[in-house]
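Each structure below appears as structure tokens.
Two complexes are shown next, each including chain A; its partner changes from chain B in the first to chain C in the second.
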Partner chain A sequence: MVENVNPITPAEPTKLVLYVAGQTPKSVSAIENLERICAEHLPGRYRIEVVDLRKSPQLAREHNIIAIPTLVRELPTPIRKIIGDLSDSEKVLVHLKIGD
Partner chain B sequence: MGQENPSLTAELRRRLEEAEETIRAIREGEIDALVIRNPASEEEVFTLEGGPEPFRAFMEAMDLGAAAFDAEGRMLYANSALGELLGLTADELLVRGVCSALDPVAASTVRTLIADGGKIKSSAEIVVGDGRHVQVSASPLRVGVTDAVAVTFTDITHRIRERAIQESERAALAILASANEAVIVCDLHGRITHANAAVDAISAENLVGKTFGTAVRLAVPGSTNPQPGAEIVALAIAGSPVQGIEAFAPDAPKCKDLLISAAPLRIGSDAISGCVVTMVDLSQRKRLEQQQLLLMGELDHRVKNTLALVLSIANRTANSEETVNGFQTAFSGRIQALAATHNILAECSWASVRVGEVLHQEVGPFISSGENRLRVSGPDVRILPRAAIALGLVLHELATNAVKYGALSSPAGIVAVRLTDDPASPYFSLEWRETDGPTVAEPSRFGFGQTVITRSLQYSVDGGAVLEYPAEGVRCIMRIPRADVVAA
Partner chain C sequence: MDSELALRKSKTGIEGFDELTLGGLPTGRPTLVCGSAGCGKTLFASTFLLNGARDYDEPGIFVTFEERPVDIVDNVASLGFAIEDLIAANKLHIEHIAIAPAELAEIGEYDLEGLFLRLELAVAEIGAKRIVLDTIETLFSSFQNPAILRAEIRRLFDWLKEHDLTAVITGERGDGTLTRQGLEEYVSDCVILLDHRVHNQISTRRLRVVKYRGSAHGTNEYPFLIDQEGFSVLPVSALGLNHKVFDSRIASGIADLDAMLANGGFHRGSSILVSGVAGSGKSSVAACFANAACARGERAIYFSFEESAAQTIRNMTSIGLDLGKWIDNGQLRYVAARPTFYSLEMHLAVMLREITRFRPDLVVLDPISAFIGLGERLEIQAMLLRMVDFLKTHGITAIFSHLMHSQDGATETDAGLSSLMDAWILLLNREVGGEFNRELYLLKARGMAHSNQVREFVMGNDGIHLVAPYIGGGRALTGSARTAEEARERRAEAERRIKADRITDAIEQRRRKVRAQIEALESDLAADEAELRRTAKLESDYLAQAQADQVAMEKSRRI
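Our next item is the complex of A and B:
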């Protein structure tokens, strides 16, 4: 599979995984910020899975998560990571929409 | 080096970017937890220093409800004690929020506190669903790198109820302390638990802790019980109020005569928990009763004396006067003299009167006003009623004689009265001397008037009067017993 020949298509929903640690302030902010950005910019075309690493720390391995919160764009490929509380909407949008 | 694998290069570049992004995010405070691998190769979440974990552990350990809100008022965290206080589970609290469990007024109060809490510390009291009083305090808090508001919810229902109980207890004690009557409260065993200040007049000791029956020694007239106090208390504790028992407290420093009442003590609608004994001081009343008895005896004595005197005056006047008219004049004059002395004695409550006053009262009516025909000299003294009545009668007789035959029967005649008070003498003396009147001759016969003059003051060996008839005018020396002269 060659990454750069696979642009985002409208039919394919964006699948996002947000890694948080319980209810640390940054985790809570990241959840809220992400929901707001998706509702505004990707209405109906996204799926979010929130993974609480405080409950299941072993899940960090799948995406090699180090810092919390971290957002992983699983689909469309290639996988993208955005680290932080997602308070910079512009930056988040750039990362989510970039097809490389 | 051979030709690079482009996908490997891309992967490496991606990892480098990711590493740089992680470092940047840590440096700029965008993350607050890290995943680390422990020696057993297991992932663990490590919260960065300054993060909420120690704070959260601390909050969970607290009994009081606590929650943290971010600057926008979103709840970041709430401890389980808050859930219990508001009747919500931890999940319900997280999903629905604190205000869901409050009435609109309380919810509005809490929202205002949270909104202000980021800037200043503030607090307010709310009432939650089941009537409990909760003190809500909000203050600024910094969680990691975030500004937040810490809100605590303290159940102060107990404190408020305790305050109300203390207040009513204080009021009860104040009422007890302010009572004029001595009030003693006993427990079910008759042991004294409270005694107000008025009890000091009944016992010099501190009675609290002692048994009423033995601590307050009482004697009840007509009672054979050696400890009537114990009996009164026992009756009250058994539910029978005791009212108005007169008792004598031989050991009391001030109030020995008491009127005792006792009633069962019921707090609320509970069973009897003791009794309240009130003791009214009867000393004052007893004193008044005694004084009244004394006054009644005195009055009785005086009325009898006066009646005997009137009777005697009537008999003697009848014997010495030859006509009905003469009797009428002499008798009414003597009764009026008696009444005049009575008047001045009554004005001073039958205590004592001045000799000068008796003189003017008895002689004054026979002298026209403006005439200086009664001349009194010497020191005036106060004399007791017995002497005053006798002196009044004597002076009346002297004055009527002077008007009929002596100095007051002629326009120029004068009556001089000299008062002499020699402390060494057993009597106080008055010398009545008439001058400038008609020539006097000793009367051929002595009427009752003379008897009144010479005998009236003889009720004591030191009293009496001597009447002489020198030609220039009548002279009479009266002696008032020293015992009836009031010391100045």
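Our next item is the complex of A and C:
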């Protein structure tokens, strides 16, 4: 899969924002899953930002977040959203259009 | 759950609804407002929220899952709410929960903590006491895992209670259930059902309190209205017979009519039926009552189901009534509505609302027969009964006009109302000798001695007059028949008088003639008597002479 043609150009690293709420089991496993997937499939071409909405709930309003955890691919556009603890790597890759 | 002895309630500020629920919605609890599309759920919810923020110092959050905030602002602006001011004053917050399922993928376990965080933030920002969720069911089409959703919605309702928020949750009506997603399972405190039915092409909105835990409430279906003044529920409760009773009399505006009643005029607070065929003057009589009330300084409402205000004002000018003057100075309110504009129930409700707001002393319904066709006979009767009850309870005099199609068997109205009425003025229009004449008859006047006569009803430019009919020869006549009969009688009288004079003259003449004859005979008699006396004198003279002669002769013989 890694050998496949990557639609994302190196000049445009994947910017991923993961919204969580505190240290709940779902949040923790989402963070772990995301980091594992990115390390395996996008080495060096990703940026992960974890936002704890419990600390800054106004960001939930600003970015229209309802479900927790929510993963937002902000770059490249268009924006894509995945909700859930990202337990299925295959699906995550498909939806992030990584490793097509 | 915890049962409170005295249930706290939050006023919605919706006209009629707070009365119906004896104080409003349960404070700190969720209320489900459900109904089909377009039945006014969102309007109900926003009115509750905006009234709270504006009038009851209870800031509120409007959580919209469907409409954009800008649409909500527009929607309520038409009802006269300056929503921007409330938002600026931190009394209102609109939280838009927009979900585009197309760009969303679900992978693994999740919850709706984001929603909770946003609500918590909004509550904290403005110190919200009220909240509206419109409509939470949209979530079911946005998320694919119903098990998670149900658990989260249950958690949401618990959260609302924890935060002591008085909540209104709207839900779309499902097939055979109150809501599509069974929200009623979660809301056990208060459920309100809105309905929108079309019958005979006339739509009526109805509201019903399906459930209100721990509180008494009206259980009927109540019509409600959405108009430029917003949402109003119109409780049309059946009242007992605790009517106000007055001994005082009020003038009808027709002096001759008042004179037909002992002590003059009708009882205040009574219900008066004015029935008659087309063109018999029903509206004119009704307008006289209204005019008289205004002239006394009272207030009156004229509900017209056939004519517009301008039309009635113009027409009444012809009998010398200036209703325009009273409308201008606010003593008279003229409400014109086509019968088909509302359903029967809605008509009643709207009228009751007008009356409650205007507080008149006298009400005219012209004509009640316009309702026939809007419902069954029994429905109309029930509606009018409620109207009469309401007016009597408030001591308002009522004039009902009723168009009859036939004058035969005129003692029964189509709507079967006669028994509800205290007084019944029957107007007739009868053809006699090639002309129609209006007549008025007081068919009934409870508790008042009244004339049993049929009066001729004459409308002139100085008002309505009742002319006593020609009574004589065992019949009563009206119109030109009356005039002709009176003229004929005058002529006969004159003739009779001339005849009598002639006879008197003739007798007098004869008498003078006889007297003349008597005088002639008497003078003859006197002549005869004179003659007789002269004859007697001659005789006695002769006898005396004869005697004297004899004496003289005897004397001479002796010698």
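The criterion applied here is as follows: the second predicted complex is superposed on the first by the 90 of 100 C-alpha atoms of A that agree within 3 Å, B and C clash if a C-alpha of one lies under 4 Å from a C-alpha of the other, contacts with A are read in each partner's own complex, and residues count from 1 in each chain.
Everything that follows uses one rule, which is that a contact is a pair of C-beta atoms (placed from the backbone, for glycine too) under 8 Å apart; a residue touches a chain by one contact, two chains touch by 3 or more.
Please read all numbers here as calculations on a predicted model, not as lab measurements.
In the superposition on chain A, contact is made by A:61 with both chain B and chain C. By the document's definition of touching, both partners, chain B and chain C, reach A:81. Look at A:32: by the touch rule set out above, it reaches chain B but stays clear of chain C.
Contacts of A:15 after superposition on the shared chain: neither chain B nor chain C is touched. Of the two partner chains placed by the overlay, only chain C lies in contact with A:91; chain B stays clear of it.
Of the two partner chains placed by the overlay, chain B and chain C both lie in contact with A:69. Residues 21, 24, 26, 29, 53-54, 57-58, 60-61, 65-70, 78, 81-85, 87 of chain A contact both chain B in one complex and chain C in the other. Contact residues on chain A toward chain B in their complex (touch as defined above): 3, 21-29, 32, 53-54, 57-58, 60-61, 65-70, 78, 81-85, 87. Residues of chain A that touch chain C in their complex: 19, 21, 24, 26, 29-30, 33, 53-54, 57-58, 60-61, 64-70, 78-88, 91-92, 95. Chain B makes touch with chain A in their complex at residues 7, 10, 14, 18, 21-22, 24-26, 28, 30-35, 42-45, 47, 51-52, 70, 74, 76-77, 143-146, 148.
Taken in their complex, chain C has these residues touching chain A: 95-99, 103-115, 117-118, 120-121, 143.
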